[in-house]
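Below, each structure is written out as structure tokens.
The two complexes that follow have chain A in common; it is paired with chain B in the first and with chain C in the second.
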Partner chain A sequence: MIEVEGLYYSYSNDDNFAVKDVSFKVAEGEIFGFLGPSGAGKSTTQGILTGLLQLQKGNASVAGYDIKNISRKMFNKIGMSFEQSNVYSKMTAKENLSFYSKLFDVETRDPMELINLVGLGGKENMRTGEFSKGMKHRLTFARSMINNPSMWFLDEPTTGLDPAIAADIKDIIKEHNNKGVTVFLTTHNMYIADELCDRVAFIINGEIRLIDSPKNLKLQYGKKLVEVEYGQDGNVKKETFSTILQEDKDLLNKIIADKEILTMHTKEATLEEIFIKVTGRGLA
Partner chain B sequence: MMIKNIWIIFIRDIRVNTREFMTLYMMIIPLVLAVGINLLSPGINDTSVNFALVENENPEQAAYFDDFAHVELFSDQQRVEDRVRSRDDVVGILPKDNGYYIMTQGNESELVLEYAKLLNVLYESDVQLEDARSEIIEFGRTVPPLKKMLVNMLLLLISMLAGMLIAMNILEEKMDQTVSAINVTPTSRSAFILGKSFTGMFVALFSSIACLLITGFYNVNLGQAALVVFSSTILSLLIGFIQGINSDDAMEAAGSVKLMFLPMAGSIAGYEFVTGNWQIFFYWSPFYWAYRANDMILSKSGTWPRLILYIGIILAICGAVYTLLAPRIRKGLQ
Partner chain C sequence: MKLLSSFKKELILASRGFYFYVELIFALVILVVLLFAIPQNFSSTSTEYLHFNLPQEGREIFTNNILENDLDGESEIVEIEAGGKTFNAELIVTDESEIYIVDSEEAVRMLADSEKVIGAVIELNNNNQLHYKYYLQGYESTRFKNLISILFNESTDVLEERINNQDVRPLSTDYEPLSDRENTIPPLVAFSGSLMGMFIMASYIFLDKKEGVIKAYAVTASSVWQYLMSKIFVVLLTSVVSGFIIVMPVMGFRINYGLLLLLLLTTGFFASSLGLLVASFYKNLTNAFGVIYLLLIIMMVPSIAYFIPGWDPFWIKIIPSYPLLQGFKEIILPNGDTIYPLIVSAGFLAVGIILFAITNIRFKKTLSV
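And now, the complex of A and B:
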């Protein structure tokens, strides 16, 4: 569904790349997670794949369309939920969706159905200028489904939403995926990524560090994390070490030798911890 | 497909524009000004001259007058007098001694009076329609300069307001960041730009024709007038796009489009007050040509070859501005 080969992008058109030599493939029907800290190049990559940013270097194709030469027809097949909600503030929720639906040449969904789906029922005749941030974000998300896309780009669809609504959004994504929709998901929410994604890519400083399924990553890093509580200068410190990374093993040895160990046990790594171990950086 | 999306964008813009005070104001104000012009100079627009005559008193004379003006017949002299008193610009032609006298209420415009006298003389000296047509029509239809000038200025103002409207609409998209949402639909950038332009063009054409009708210029060639409005509005639209893209709030956008006011006022002053040879200094200004073309149309002396020349010049200037601005507009809407 998506094929990307040697993608580079620079906002300043020089060697200062926001995206560097990025290559990956997303199979039809897959949910592909794009994970990385702020500024890693996630939105930039999505921007190129949706034609919002001009492809500068590399090859990319989406839903069978070459991104070098985008045919407007491609947009009948793809949906895009923006990181920053962008709806017309002078129009109501319903007007926003019905205006948008008319711009496609394919069968579109009923605006009211989508408004209800994201929990905005009863607010359809309110101008979105009066919406809260989260409400606008949900409407932006709802809008991305209006043309029944088979390729669905979601840039942080749950950011800024309360956990209950985020869980609803997660269920909506899963439901669509069960019907065969391919999903490219950018998120900071490791729990959602873990639950939804067939495979995830870790991206940092514009480069992909690793692509694998959450399951494999856990097998690989699985029980091989050790959580140690030890005393230092009268305080209790808690740290997690990998038992496969040499650097971690050395540190652990040192602590065992030098410090007073309070507790020590192995544990299953979360996706977030794996990310930190692999990239040396947190996701926040 | 493209046409459909242009239409959808146009309809959305018109709807949203009627919801906000500022944009609604821009669409309504020309009509208010047109009514204002009428209040300022009523009667002036009465280009058709009305005569009141006594029925069957002299049918030949009545028929003669009817060729040149609007004639109403009344059963007796008293009724004619009542009619003359009842309304502006109705002139009574009444028999007296061997000839006729012209009865007025006293507030008819000089033009109408002169016209009545002239017709009477012509009738008595037996000049026929064929001999007299060109001269008389010119005389009878010449529109008083003040009103013509005000209406012409209003037409230019309308095209400027259309530009401001575009700036507002672009600004709206920019503030809400909705252009990127449009860009991930099958809508091409050209369709988007055309849809927006259509809004400005429609409002300009609609207001212009409405203003011509309100101010009584319904006898002019409305098709010609629409063509001039169309071509001069193109420039305002281009400027509206650029200012919408470059501005960060509504006042700034409206303010920057207002800068067009200066060349516009200069061109009008140039045409009206500068003597023939020096007019060449205004040839660069599309407003000058639009004003000149409008003047010709409003005087009902517009010939197609001249009109096409003026419009051609306006379009050529717009074309140059377009080549300059188009890349920036396209880029700004990414």
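And now, the complex of A and C:
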């Protein structure tokens, strides 16, 4: 569905690259997660793939269309949800979707169905200027489904939403994927990425560090971890140790012998912890 | 079809916005000013106060002479006030002036002073010759003063002969001038109808830029040019409506509205493409304001030349609003040239298309995520 090869992009048209030598493939029916800290180049990559940003260097094709020469027809197959919601504030939710649905050559979905799907039922005749941030974001997300896309780009679809609604959005994504929709998902939210993605790419400073499935990553980096809380000089300290690394095992033994242990759990490494291990940086 | 949907959407947005009404209200205000504040013709009648310090006979000769030009052939006895005093006067109204004949020199002097107009006393001097005494306001030009003195030193026969021997050949024989009210229409239509389009278009774009909706449009199967064109349609609609609001009540059915429509559409297209192009370089209205303001000022220069007939330097003719004004003028002139507005329309259409093409490319290139 997506093939990217040696992609570079610079906003200033020099060698100050926001995206550097990025290559990856997304198979049909896959949910591909693009994970990285703020400013890593996630939105930039997605912008190039959707034709918002001009391809500068490298090759890319999406849904069988070459990005060098984008045909308007490609957009009949593509849906895109924006990181920053962008709907007409002077039009109602329903008017926004109705208008948008007329811009495609393919069969489109009923605006009301989509409005209900994202939990905005009853608000359809409100002008979106009166919507909260999260409501606008959900409408932007709903709009991206209007043309029944087979290739779905989602830039931070759950950012700024409360956990219950974020979970609903996650379910909607999963449902569509089950029907065969390919998803390119950009997110900070490791739990959602973990649950949804078939494969994830870690991107940092414009470069991809690693691409693999969450399962493989956990097998490879995770193994078992032990989280220990212990008292020291009247304070409570919390540390995590690997059960495989000899160094960690020795340290753990010492703590058990010398300190007062408060709690001790074994746990699986999260995607976030793996990310930190691989890139040396957090996601925040 | 997509273009039509976009146009419908733009109409909805415009009708819920602010600028749409600003332009229409602006047109109505201009109309009211045209109809009620600007006279049909700027006053060209003058008021004069005369006193004949002559024997009864001479007085009658002069009075009857003037009376021949009176509109109804009869004078009227009126009372006028000046300096707290009331004077009796004989009023003769000709199509060029209102002449008051008063019965004392004192009255002439006081009226000239309080009404700020010319007064004259005609009397006989010691040699029994006519003597003219003028009360001027002090700011009259030397030329005018010379004219007054020469007028009576030369015999009127000589002057008349000279005037009759002057050969005056009009350059155009079928030229009918516009009334002053009609003459102010072209600059007003050019501004409220066509050039305001540039400003309003830029405002529409900046509203959209703020909301980021153009990005959403860019990832549909519809082209960016359709998005831009649908906006132009809305601006054209308002400029045609406001143009007609101003022109129709004043000109009635005397002009070719097909031509007016064509010129409003083509110049509106040019102006809104220019507005689009300017908007493509800036993030918001505040940043673009300097350039828009500068453009508006430049476009206004030809309308200054329009009202100063003698000032018409070459460089003014290359400012787009020059042919714009002349085009509108030809349309409302009773015997105006029809070819000229057509050529001007073609020119604006051609330049508009070029600007639009550049703008379209710029908009595609300056999208962001």
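Just so it is clear, the second predicted complex is superposed on the first by the 241 of 284 C-alpha atoms of A that agree within 3 Å, B and C clash if a C-alpha of one lies under 4 Å from a C-alpha of the other, contacts with A are read in each partner's own complex, and residues count from 1 in each chain.
Note that in this section a contact is a pair of C-beta atoms (placed from the backbone, for glycine too) under 8 Å apart; a residue touches a chain by one contact, two chains touch by 3 or more.
Bear in mind the structure is a predicted one, so any value in this text is a computation, not a measurement.
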Taking chain A as the common reference, can chain B and chain C both be placed on it without clashing, or not? Answer clash or fit. clash
Per the contact definition in the header, classify A:Asn253: touching chain B only (first), chain C only (second), both, or neither. neither
A:Ser43 contacts which: chain B (first), chain C (second), both, neither? second
Counting only touches as set out at the top, which of chain B and chain C does A:Lys73 meet: first, second, both, neither? both
May I ask you to decide whether A:Glu83 touches chain B, chain C, both, or neither, giving the answer as first, second, both or neither? second
Between chain B and chain C, which one contacts more residues of chain A in the superposed model? C
Have a look at where A:Asn216 lands relative to chain B and chain C in the superposition and call it first, second, both or neither. neither
For A:Thr243, is the partner it touches chain B (first), chain C (second), both, or none of the two (neither)? neither
Could you point to the stretch of chain C, among 58-66, 94-102 or 310-318, that collides with chain B in the superposition? 310-318
Residues on chain A in contact with chain B in one complex and with chain C in the other? 50-52, 72-73, 75-76, 78, 80, 82, 84, 86-91, 99-100, 102-105, 140, 143, 147
Along chain A, where are the residues that touch chain C in the complex? 43-44, 46-47, 50-54, 72-73, 75-76, 78, 80, 82-84, 86-91, 95, 99-100, 102-106, 140, 143, 147, 155
Under the touch definition given earlier, write down the residues of chain C that touch chain A in their complex. 1-2, 5-6, 8-9, 12-13, 16-17, 211-213, 215-223, 365, 367-369
Help me check something: in the complex, which residues belonging to chain A touch chain B? 50-52, 72-73, 75-76, 78, 80, 82, 84, 86-91, 99-100, 102-105, 140, 143, 147
For the complex, which residues does chain B have touching chain A? 1, 4-5, 8, 12, 16, 19-20, 172, 175-178, 180-188, 334
